[in-house]
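Take this structure, written in structure tokens, and hold onto it; I'll ask about it next.
Which chain is which? They are A, B, C, D, E and F, in the order written, and residues in each are numbered from 1.
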Amino acid sequence: MASQFLINLLIAFLWMFLYDDPSFPRFIVGFLLGMVFIGLLNRFLKRDFYLRKVVAVLNLLGIFIRELFLSSFTVIFQILKPKLTIRPGIVALQTELKSDGELTLLSCLICLTPGTLTLDVSDDNRTLYIHAMDIGDAEQLKLQIRNSFEKAIMEVTR
Amino acid sequence: MNSAYGILAALFVLFGALLSLFSALGLIRLPDVYLRSHAATKSATLGVLFILSGAFLYYWLVEDLVSFKLVLGIVFVFLTGPVAGHLNARAAYRTGVHLWEQSTQDDLKEALQQERAEAKKNAEKSHKLQ
Amino acid sequence: MAEALLQTSLVLLVLSITGCMYRLLKGPSVSDRIAALDTIGILMLSIIAILGMLMRTTAYLDIILVIGVVSFIGTTAFARYIERGLVMEDE
Amino acid sequence: MELLLALTIGILFAVGVYMILARSLLRVILGLSLLTHSVHLLLLTMSGLKAGAPPLLGEKADSYVDPLPQALILTSIVISFGVTSLYFVLAYKSYQKLGTDDTEQMRREADE
Amino acid sequence: MNNLVVLPLLLPLCTAVLLLFFKERIQLQRIISAAGQSATAIACVLLLVQTGSSGIQLLAMGGWAAPYGIVFTADFFAALLVTAATITAGFCLAFSFGTVGSEREKFYFYPFFQFLMAGVNGSFLTGDLFNLFVCFEVLLISSYALLVLGGTKGQLRATLSYMLINILSSTLFVAAVAYLYGVTGTLNMAHLSVRIAEAGQGGILNVIAVLFLIVFSLKAGLFLFFWLPSAYQAPPPAVSALFAALLTKVGIYALVRTFTLLFPGDPGVTHVWIAWMAGATMILGAVGALASKDVMRILNFNIVISVGFVAFGLAVANEASLQGVVFYLLHDMAAKALLFLLGGMMIREAGADQLSAMGGLISRAPWLGWMFLVAALAAAGIPPLSGFGGKLLLLQGGLQAQSYVLTAISLFSSLIVLYTLVRLFIKAFWGEQPAGPATAVVAEADRVSNAAAKTDARTDADAQTKPDVAANAVAFATAAKASHGSATQPRNTSRGHLVVAGVLCLIVVLMGVGSEWMAQAAAEAARTLVDPSVYIEAVLKE
Amino acid sequence: MSLLHFFLLLPFLLAAMLPLLNKLTKELHPGWLAMAAPAFMLFYFLSRIPEVSKGRSLTASVPWIPSLGINLDSNLDGLGLLFALLISGIGALVVLYSISYLHPRKEAVTRFYVCLLLFMGAMLGVVLSDHLIVLYGFWELTSITSFLLIAFWHKREVSLAGALKSLLITSFGGLAMLAGFLLLGLAGGSLRVSELIDSSAVLAASPLLLPAMLLIALGVLTKSAQFPFHIWLPDAMEAPTPVSAYLHSATMVKAGLYLAARLMPIFAGQAPWYILLTTSGLITLLYGAFRAIKQTDLKALLAYSTISQLGLVLTLLGLGSVYPTGSTHEYAVYSTAAAAAALFHLVNHAAFKGALFMTAGIVDHETGTRDLRQLGGLLRFMPLTFTVALAASLSMAGVPPFGGFMSKELFFGSALDAMRSGSWGTAAFLIPVIAWTASAFTFVYSAIFVWRTFGGSRRGEQADASHAAVQEAPHKQPNDARHATMRAPVQETPQDARYETLQETPHEAPLSMLLSPMLLAAAALIFGLFPGSIGPNVLQPALDSLQPGAAEAFTELSLWHGWTPELLMTLGVFIVGGALFLIAPRVPLLNRPLRVLFSWNGVFKGGLRNADRASERLTSLYLTGSMRHYASYVFLFLIVAVAVTTFMTGGFRISFSGMAPVTVYEGIAVAALIAAALAVPFAQSRMMAIILTGTIGYLVVLFFVLFRAPDLALTQMIVETVSVTLFLLCFYHLPALKREKIALRTKLINGLIAAASGIVMTVVALGAFSGRAFPSISDYYLKNSYELAGGKNVVNVILVDFRGFDTMLEIVVLGIASYAIYGVIGLKWPEEKVVERNGLREREFRLIYEDARSNDVILQTLSKVILFLILTFSFYILFAGHHEPGGGFIGALMTSSALVLLSIAFGAKTVRSALPLNFRIVTACGIAVALLTGIGSFAFNMPFLSHAFGYVYLPIFGKNELATAVLFDLGVYLTVVGITMTIILAIGRDK
């Protein structure tokens, strides 16, 4: 229910933004449009979504941006180095996250940060296979992901 | 246009463009498709982030126009870019594109072999049933 | 000054596209090409944003979004195709 | 610029023609789409490439580019999209039925 | 402003859209199609009457006057062609009931038919060069659909090559429009005419004129007709007849319009091309007709010959010859439709399309035979049938203009028309039926036909559920034969279809006997062709 | 309508009604019905003799195509009357004869009489028409009815061959004649004979006269079976004998002579005309007579005899045309005599040849054969027939006191005078020599005809016994058997000629059958004994038509003129002819079929066969069925046409001034585009080729941006992507792209064509740019888009309003494409075979795809979110389009792409169940909305597609713009959504 409302709200804002006209009527039209869409397509929205602390979201965002910048520059550095010294590989990561949304968020974040890439997800949604540009210590990589992203996501979602 | 704001926006853009160039370089230089994927994802993220932010700043500060479309653009790219990268890399892996020979570890190889063997067995079983 | 910077950026982006073209033509795997194509799409998006600034028009802002959508769907379709041999399942 | 674009148009057209003269239907179809691009660029070039704002009246510009060719190109894009789609589906169907997408092979079969 | 002008396009369009909602209900589709076709015909006749009585009728779409908007311009020539096309197509439609097969009928045959009509009529009426391109596309894509519907191998092959050629010509069309727009900055044909005349038709404009010549020649089958014989061979007879009657005519119409309105200025260049192409077309068409050994192919080459014949009139471009062009076009629509319908019935009767496998049909189908002979004589321009008046005017025009070689060629070609069609008549209707054509049947087609033979007797009267199977099988058999070029089970033509052909045959005769009306109409129609200023003033005065 | 026209129409009317009348009168032989026409006609024309003989001609006119000056102008003058009498008189006799000849049960007599009546009317039309075009029409009609009658027994190959040959040759001549007529009309300013005669002076000065004469002569020579066009006539003998008697001796073949006579006042004095006529007449005369001697088939003999006699008359007409009308030359009077002789012989020939054909028919009918080698001794069985045959043959041989004698005397006289006149130069002596020789031959074949048929003993009797067995079958179906005998080709007479045919004891024919030939033979005698019976009343008026103001030529005709040179020649003919007849059986030259290396028949047949073969070869040379070739024809023609035209018009100007400057990034984009384009042909795989083409598409988008076309960029971007998706959808099914095995030469040619086409495009583009002479009409749109149409996006306003009609049709095109795609994929004929796909590859994919497929959780989860984003965006694009870039088309494609994403992530089935819409109906609704928006303006009496816009105030929303154009755009949107989804789902579903 809540997630549907959220999406609805989102659509309303989206509508408003698209017109570059943040006015109430636009918002209402967007909201109504959203209601129509959700009414039509509600079969896809299987799971509920609970509104949680905004702080958790911001925290997640912060972690993400930090990771983004840090690893970006690492990668650029690697690219610009005359000789490749990286040791890439694929690492299996067991995750505690359960819902599709959590899993997706995690793998998106992993993908977004340069240097790591979600390659595959096991059929039971428990294992993520991550291609890393420079593994270094595989266990440390896993730990890092668990501690930063996974934890932050759980903060948001649970 | 050539106000300080304009130049600021332009610098943002230039930085984004540089990032894009680097990732293109990566795309050329890196040895296997997975590594190149990393580089490719770069321009989808940081590069676009900077360029669109620059544009946002430009329209906002120079042309006095707050364009949420640009913000939406950033959000959209951030949402889709990683998934696209993921799908492409997975497709590569599953169609048998090899890792760079200097790769150190491949946890997926075994898992995938197992999965396929099982699937084959199931398929043959169901064929026999028919 | 700002204009010059933007134009420099354009040149850089076009160079990047050329780089991607190299990968596109060279391959060797199809996925390489798709990655290159996807990148070209994103670079196009950036180029169009800059061109819009240079032309002092907001006319192209929609294209930015459209390219985002479309290049994503294109990449998805390509990836799905090479992985499964078809784009959409139907049964 | 017009000179440069005229050259581009010619090259696109030439490559398109070369592809159309190939045996594989796919190449033919791709050739057709190159021809279409070439002709669209031609329409654009023919209206003159002088500077001007996009033909959006909200832009408050002194001069606008010629909007008519743009409208014509749009119509043409849409139509050739429909036609090319049909052609592609036909090509695919004939591969299913005739077992080849080689036009020469089709011809030989027809003779039998 | 006269909204009547758009009806010949709008009514088929509306009919088609309405038909789209009743995919499975064949009987209803037939009724709607027939009603729609009749309504269109009535609208055309009304338009013709109005055009005749009060001159050129205009409709500026959306109220945007020329040269800025698209203006439908019905001069008497266009109105005449629209009327003739609609009525002729009506016969093809009536013939298609029960001959195209229920599968086709369920897969939008009738909507495609109506869409084609919309495209054809639109092409005749539009006064805007780019809109002409769009109308062409409407009719072309419908023709692709009609051609390929059924999807047999032969059809696929034919459609692929037909489509390729037409896409090429459409591409060149856009290019030519682009060039012309580049020079003149306008698209309305009347306005173009004014501007071209003002700029002086030399140099680049002549080159552009030749581009248009190529484009329309491809559509008309003038010299560039190589695509035609195989394309028109593939579909069922009703469709072949429709194509034969209308499609090349649209191309010819465009040629006539272009070279009388837009580019009349330098006949030393453009019309010389047309003359050469016309001569070559007549010769090659005659040669092809001589070389052909099966019914449809002979008829197809006869189309080619008549295209060359009309183009000869355009090349000469004096008053008599332009009148002849109009007259001959009207005749050719009816006569070609008739020939193709009868040809289809012949193939059906004989169960074969190769001359060597035919013979002695006259005892089984006397009416068919004599009608075919009449149609053949009409096509050859034997007086007092419909083909004569136009032929006479064209010859007169040719001699007046002292183009003796072309006149000789066109006389020779009409001898070949007579020879090939009469030979076809002899081989098919006279002599003995060759032993066992039905034994050499394609296995698959035969089996289906046999299964259907029992129900076939009832097929034509009331095509309900069961007869559909038969009709379907017939269509399949025809299609299979078309793709294999060999024989199928012979079957009798239904009386209904015979009546359809009979009425058309009567029209062909009456068009000849009543040549006076035709000649007057042709003279009236040729007025705008001879003197385009009439057309220009009417369009641009508003 | 005058009485004249009524009688002209009568045969046609009767022909039209005959089938019906015949049904009403079941027992009556339809011949009796058909008889009415000639009988009434004869009566009428006889009754006109007094009037016409006074020099008054009957004229009447009925308008046919008055605006072209073509009317049924009829003119019954002396010449017309002479022919009308022949047509109706002999017509009546032939119909009478045929009533006994054709059995109403065994033959398709109705068809026979219909054709015969049509012919009769046509022939009458020929001789009564004053208008050349109408004359031509009837002329062709005689050819066609003749064709139908020759092929009366259409089951026999020989009949068909003969019919086609006659049609081909006579209509060839007819067409030439038509051209001649038209030239004559052009030169003389009229197409009416009577008016042309008046303007002969103008004609004589016209350069068109000579070609006109030659062309008309072609008509004359072909129709009247003159050498070398005679070949059709012997084969025409495949027709039933009444037809031969009527058409191929008395009437139709004389149409050519008629024309030569009719035009004599116009062409007289024109050397090419009379030389041509005389020469070909003489050649034909001699050739026909010589060939006649060698025939063994009765009808063949008569056919060659007819050819010869036609040559005779034509010679006379040629001699009669030597001096222009009113000439005072001393020999002009002899020219008149020749013309008179022509007319007289025409009549005589009609009488005796008609009788001879009929006797031949009787012999055939009663004995079952016409083969002279089997006939003989019929005298004792058929005395009456013999008498008739004898009388007619004597007339033919020119023996007094028959009419033939007199006309032959006149002929000799004319020939001698021609020699004396000096207008024939050194060859002059040939005229009487040939005339005499031919007459000797004529005597021989006349004797052969009578003697071999009736004299001696019955040769067939010996053969009879030995071939008894063979006769069995024919006895059962005598009629068929008779046809079988006629299968023998008329002139070759092969050795295996059927001896089995003398099946019954011959006996005299019934009187009804004999009546007609008897009357004709009697006429032949009467014309000789009492030339005055027709001379002053019939022949003299006809002569007046030929040579207006001619002297009385028939008053002093008598059998005895004293010992004139003509009489001596005649005596010579009898002596030499008799001698030849006696030695003929022993001289191979006279009794063997002509065996020559070169025969005109062979030329004709071989010509047709070679034309067939050559045309097949030529046609298959360019109609290869190869798409590649066809496409290259198009481009080759483009290249040649543009190059030649440029050359012809003296080139065009190309100037580089006024071009926009090139920026760096534009330059780079151009370079990239060119590079990508050049790489395309080298693509090794399908994927590669598609990607490269897609790249080009995207680069084109960049150009659209650079040249300020946001709508274009949007559309191209999305269309390109959808196209690529579509390519991919079908991709899987196509085989790996093979390396094309193309010869280097072909590659080179292709490359040259391609390069040249590209150069053409570029050069013409530069030319067109430099030739720009006018400002574009676009300023109007820019000025009025907002004020008049209420939209700020000018391109969109053009699309939905100024040129909304284009857009309406454009979505119709798209719609049709989608339905066609649906049809192509959906329509399945029964028992359709589907080509097996590559098995191995199939299984491999099945394994991976069905059983071990990857986990889509990430894509699916993300799609749920993005879906709404895209959908919202698509609606924005749709509604904002009137002022901003966008519109219905792009909006719809965005919507569709959202649905495509959904299908990719969740499968097409999910989409179908989530959106249980029939997308084909959506398309239909969309088109309907667009149409209705346009039709709506009808209600306000506005032009189709008129849009209105205004502002509406709504409670919450405030001031809102409402343009019907937006509604139109909504229609576009619905259509395009329907189309894309139809296509995508149709393809997706097809396995």
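Here is the rule we use: a contact is a pair of C-beta atoms (placed from the backbone, for glycine too) under 8 Å apart; a residue touches a chain by one contact, two chains touch by 3 or more.
Given the structure is predicted, the values throughout are model-derived calculations rather than measurements.
The chains touching chain A as well as chain E are F.
Counting hops only between chains that touch, chain A reaches chain D in a minimum of 2. The most central chain, judged by C-alpha centres against the centre of all protein C-alpha atoms, is E. Set against the C-alpha centre of chain C, every other chain centre is closer than that of F.
The centroid of the Cα atoms in chain C and the matching centroid in chain F are 62 Å apart.
Note on chain placement: the centre of chain B and the centre of chain E lie 56 Å apart, centres being C-alpha means.
Each chain gets a centre from the mean of its Cα atoms; for chain A and chain B, those two points are 13 Å apart. In this assembly, the C-alpha centroid of chain A lies 22 Å from the C-alpha centroid of chain C. Under the contact definition stated at the top, the residues of chain F that touch 2 or more other chains are 625, 627, 631, 708, 710, 761, 765, 768-769, 772, 776-778, 781, 802-803, 806, 810, 813, 816-817, 820, 824, 848, 854, 858-859, 862, 865-866, 869, 873, 884-885.
Of all residues in chain D, those that touch two or more other chains are 20, 28, 40, 42, 45-47, 53-54, 56, 68, 75, 79, 82-84, 86, 90-91, 93, 97-98, 103, 107, 110. Residue positions of chain C touching 2 or more other chains, listed in rising order: 10, 17-18, 30, 55, 57, 59, 62, 65, 69, 71-72, 76, 78, 80, 82-83. Chain pairs that touch one another, listed by label: A-B, A-F, B-C, B-F, C-D, C-F, D-E, D-F, E-F.
Within the complex formed with chain F, the chain A residues making contact are 7, 10-11, 14-15, 18-19, 24-25, 28-30, 33-34, 37-38, 40-41, 43-45, 100-101, 103-104, 107-108, 118, 120-123, 125. Within the complex, the chain F residues that touch chain B are 846-848, 850-852, 854, 858-859, 862, 865-866, 869.
Within the complex formed with chain C, the chain D residues making contact are 53-54, 56, 59. Of all the residues in chain F, the ones that touch chain D in their complex are 624-628, 631-632, 635, 656, 659-662, 666-667, 670, 673-674, 677-678, 680-681, 686, 689-690, 693, 696-697, 700, 703-704, 707-712, 715-716, 719, 722-723, 726-727, 730, 733-735, 737-738, 740, 742, 750-751, 753-755, 757-763, 765-766, 768-769, 772, 776-778, 781-782, 785-786, 792-795, 798-799, 802-803, 806-807, 810-811, 813-814, 816-818, 820-821, 824-825, 834-835, 883-885, 889, 979, 983, 987.
On chain C, the positions that touch chain D within their shared complex are 55, 57, 59.
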